[in-house]
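Next, two complexes with chain A in common: one pairs it with chain B, the other with chain C.
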Partner chain A sequence: MDVRVDYGMCQDHGQCAIAAPKVFQMDDDGKLVYDKHPDDSQRDEVEEAADVCPVQAIFLDES
Partner chain B sequence: MSTDQLTDAPFLNLADPTFSVQSDAVRQAREASWFAHTSYGLAVLRYDEVSKLMKDRRLRQGSWAWPAHNGVNEGPFAHWWSSALLNLEGDDHHRLRRLMNPAFSPKLIGGLVPRFQALANELIDGFHERGRCDFASEFAEPYAARVIAIMLGIPEGEWKKIAAWSNDIGLALGVTLKQDLAKVEAALEGLYEYADELIADRRKNPGDDFVSRLVLAERDGEHLSHDELRVSLVLLIFGGMDTTRNQLGLALQTFMKYPDQWKLLAERPELGKAAVEEVMRVNPTVTWVTREALEDFEYQGLEIKAGTTIHLLSESAGTDPRVIEGEPFDLTAERVPHFGFGGGAHHCLGHFVARSDMSEALPLLAQRLKNPTIDGIATWLPLSGNTGPIFLPIAFERG
Partner chain C sequence: MGGLRAAEQLIANKFDGIVTIVGDEKHMPYNRPPLSKDVLAAERDEQNSTLDHWHSSVAFRQRKSIADVRWRLGSPAVSSDLTAKTVTLADGEVLHYDGLVVATGLRPRRLDLPGPQSGRHVIRTLDDAIGLRAELQPGTRVIVVGGGFIGCETAATARKLGCEVHIVEPMAVPMIRPLGEEFGNALRRVHEASGVHVHTGVSVEETVGGADDPSRLSAVILTDGTRLGADVLIESVGSHPNVEWLDGNDLDLSNGVLCDNHMRVESRPDVVAVGDIARFPDPATGNIPRRIEHWCIPTDTAKRAAATLIAHLSDEPGPDVPFSPLPSFWSDQFGLRLQGYGSPGDADHISVLEGDLAAPVDQDPSALDGTVVGYYQGSRLVGVVMLSPSPVTARKYREAVETSRAAVLTA
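And then the complex of A and B:
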């Protein structure tokens, strides 16, 4: 699956890293890093991350 | 940072009942330094530093030790406080947050919009003929409480009961907690019994309300325990009631200062969302968010010791001239995000609901309450901690 985070919107709250820790992580400076092409087995978690993002900056499977 | 700079940093007496987060003293301190010393830890005053420290994992949510600070170490209130999501950290927090998140999904809010609009209009109908009202008790409070009733799937007529318990629990946030403890715990018991009945009912008859969603919530085979459910429901009732009530009153206060913006909102109701954001930036009910240092660390040259309380001043950050240009209050301006819902791991769980219900109410109010003005003597909570109107008499022209 394809995941994109709009870094212009992202505020590094880290809710995605709570919802889908295998795909989204906060680095030592508190900045978001993420896997742009996670395995499909992560779909539920990634959808949950997109849903809870306070600024709704996570987008899935755009073509 | 040198000792000189440290001792030169401004001092703000947050514990003084006359202290105001919107005072010249805070503005001057913000120009002098990114932080101030206070009667109780530090205050952070500028946008960038508030934004970073709000999410810094070397800090935990600051209110966890509140009961103990006030001499309350055991009993139902201490148990509720220490088990509530707000005061949990790490894996315990994340597990509970993930079980609760789906009940607050933005996908579920859209269907409630017509109910929010109907509720706002019904409440306005109640005083519209008169051309005056106490906005706090005739609109803000019943609106906030009945939105919660809608969310819980209970008869809206029950709102007064819920609101009374919630108000009594609010006494726990005052420095007189110890004296008020019996009242606080009686209210807690009332809400627990109410929550127990709701939980039992939804286990038998699940619907699409929010209590059913929490009862049915499941992740990796895990569910919320009965204790977690009742603790969480009380937190949600309490957390959603006063904040929304106060924020609506503060919104009206701000718009009375900027009547052209109120007219603009009436003409362009699609600005309702922007109105909520702009009001919460310049006049948030949560005037500061607290954090507590988990370890010793250095931040921008300042040594912060483990255990230090840090107040992140949301309004001071939101009006920082380093990031805000142009008119002080403008619904059409592009703004940086505000901190009225906190941030980081403890970002307000109910913000999609709060944003939606307030963004529906404000344009309807702007259309039907033209040129509102203060009509008598309004009374306010101190402009510190969580603030808002106690009594807000207004007069208006009927629209």
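And then the complex of A and C:
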């Protein structure tokens, strides 16, 4: 699946990293790094991450 | 948001009937936290800032899965009959249901002040925020009544815009109910260091109109007699749950809608509640039904409520595990990221676990970065509030609160 984060919106809350730790991680500076093409087995976790992002900066390719 | 998440969860749980979402606002669902921050603070040189532009900046993404959901926007529910299973909308339409999700949320409480109405604001809707935004210029004299999360964030945003800002807080300390006295005082010092005037133990007694335009605010008088010049009065003094449409159904509507741990409204199997309006018990916090006004709650309660409703509609047993969503909340003020977990408001004492709440902030609020305060009931950790924590710190203390809550469940 394809995941996109709008870094202009991202405010480093890190809730995504809690919901989908295999896809989203916060680095040592507290900035987000993420897997743009995670395995489809992570779909539920990534949907959850998109839901819990306080600024709604996570977008899933829905094809 | 609660309604949207409930619809998403119903469909994700394979509901194959018709879902209708009824909302009082004309807008498709949108995210509210930016209203006291980004929307107010945005550049003012966008001459073409339409409502549509602003809405698209805060609108929730529409999952493809909910493409068949029916929307009734701008026509709120005005009455209901839970025996006949109907809901009547403001335009007269009567909707019949097999399952009902109550997610009508809150409206702002207003101060009972006769006198000039022009210049008075609340912040709940996008329309509120855009209306307020138009009035915040450098030098605008802003009075914020209510030093809770919304009030303090709005005050900080207005101050950053160059407004002259006063917070009027009836309690002894801002944010005292959610955060306690020590943390509240630290935030007070941050606000004051940035030039916000904080008045505590007082409220607004009277509003005064202008000599040239009596319908327009020009000053407020506090309960201690202090007179403050004012162009804008922001009322952030709490909320009323929107329960009136449920009158006449023999429900306890004294504080939102009373639910069980499955989010069923007073054990009715076909009516569930979601979000700010839902007063539900959590075994981790003593099973006393309460409403939680944090942003995470609509999403968390929607999952539980949808599972409960689907089980009822398909005549199957509902989820068997206790529902105990970890409250999670944040606030951004003067460059500080406040992050909290659990129920700090339940604590009988605090302990500063990292950093120093008394660190001097006159030069820079970031002197408080890394502060961690633990909130305890006796020896039990019930919550934690942190300022600009590192990811490692945030995770450590979040997990400490989760562990402490889990211990209550298994006790």
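Simple rule for what comes next: the second predicted complex is superposed on the first by the 61 of 63 C-alpha atoms of A that agree within 3 Å, B and C clash if a C-alpha of one lies under 4 Å from a C-alpha of the other, contacts with A are read in each partner's own complex, and residues count from 1 in each chain.
By our rule, contacts are C-beta pairs under 8 Å (C-beta built on N, C-alpha and C of every residue); 3 or more make two chains touch, one makes a residue touch a chain.
Owing to the predicted nature of the structure, the values given are computational and were not obtained by experimental measurement.
Colleague: State whether A:Ala19 touches chain B only (first), chain C only (second), both chains, or neither.
Modeller: Once the two structures are laid over each other on A, A:Ala19 reaches chain B alone.
Colleague: Any idea whether chain B or chain C touches more of chain A?
Modeller: Counting residues of chain A touched by each partner, the higher count goes to C.
Colleague: Just checking: does A:Phe59 make contact with chain B only, chain C only, both, or neither of them? Give me first, second, both or neither.
Modeller: second
Colleague: After the superposition on A, what does A:Arg43 contact: first (chain B), second (chain C), both or neither?
Modeller: Neither partner.
Colleague: Classify the contacts of A:Gly30 with the two partner chains as first (chain B alone), second (chain C alone), both, or neither.
Modeller: It touches chain B and chain C both.
Colleague: Looking at the overlay, does A:Asp51 come into contact with chain B only (first), chain C only (second), both, or neither?
Modeller: both
Colleague: Kindly list the residues of chain A that each of chain B and chain C touches, one partner per complex.
Modeller: Dual-contact residues (chain A): 11-15, 18, 26, 30, 51-52, 54-56.
Colleague: Which residues of chain A touch chain C in their complex?
Modeller: The contact residues of chain A facing chain C are 11-15, 17-18, 26-28, 30, 50-52, 54-56, 59, 62.
Colleague: Residue numbers of chain B touching chain A in their complex, please.
Modeller: Residue positions touching the partner: 51-52, 55-57, 94, 97-98, 101-102, 104-107, 337, 341, 343-345, 347, 351.
Colleague: For the complex, which residues does chain C have touching chain A?
Modeller: 5, 31, 33-34, 60-61, 63-64, 295-296, 299, 328, 330, 332, 337, 339, 390-391, 394-395, 398
Colleague: Hey, which residues of chain A end up touching chain B in the complex?
Modeller: It comes out as residues 11-15, 18-19, 26, 30, 48, 51-52, 54-56.
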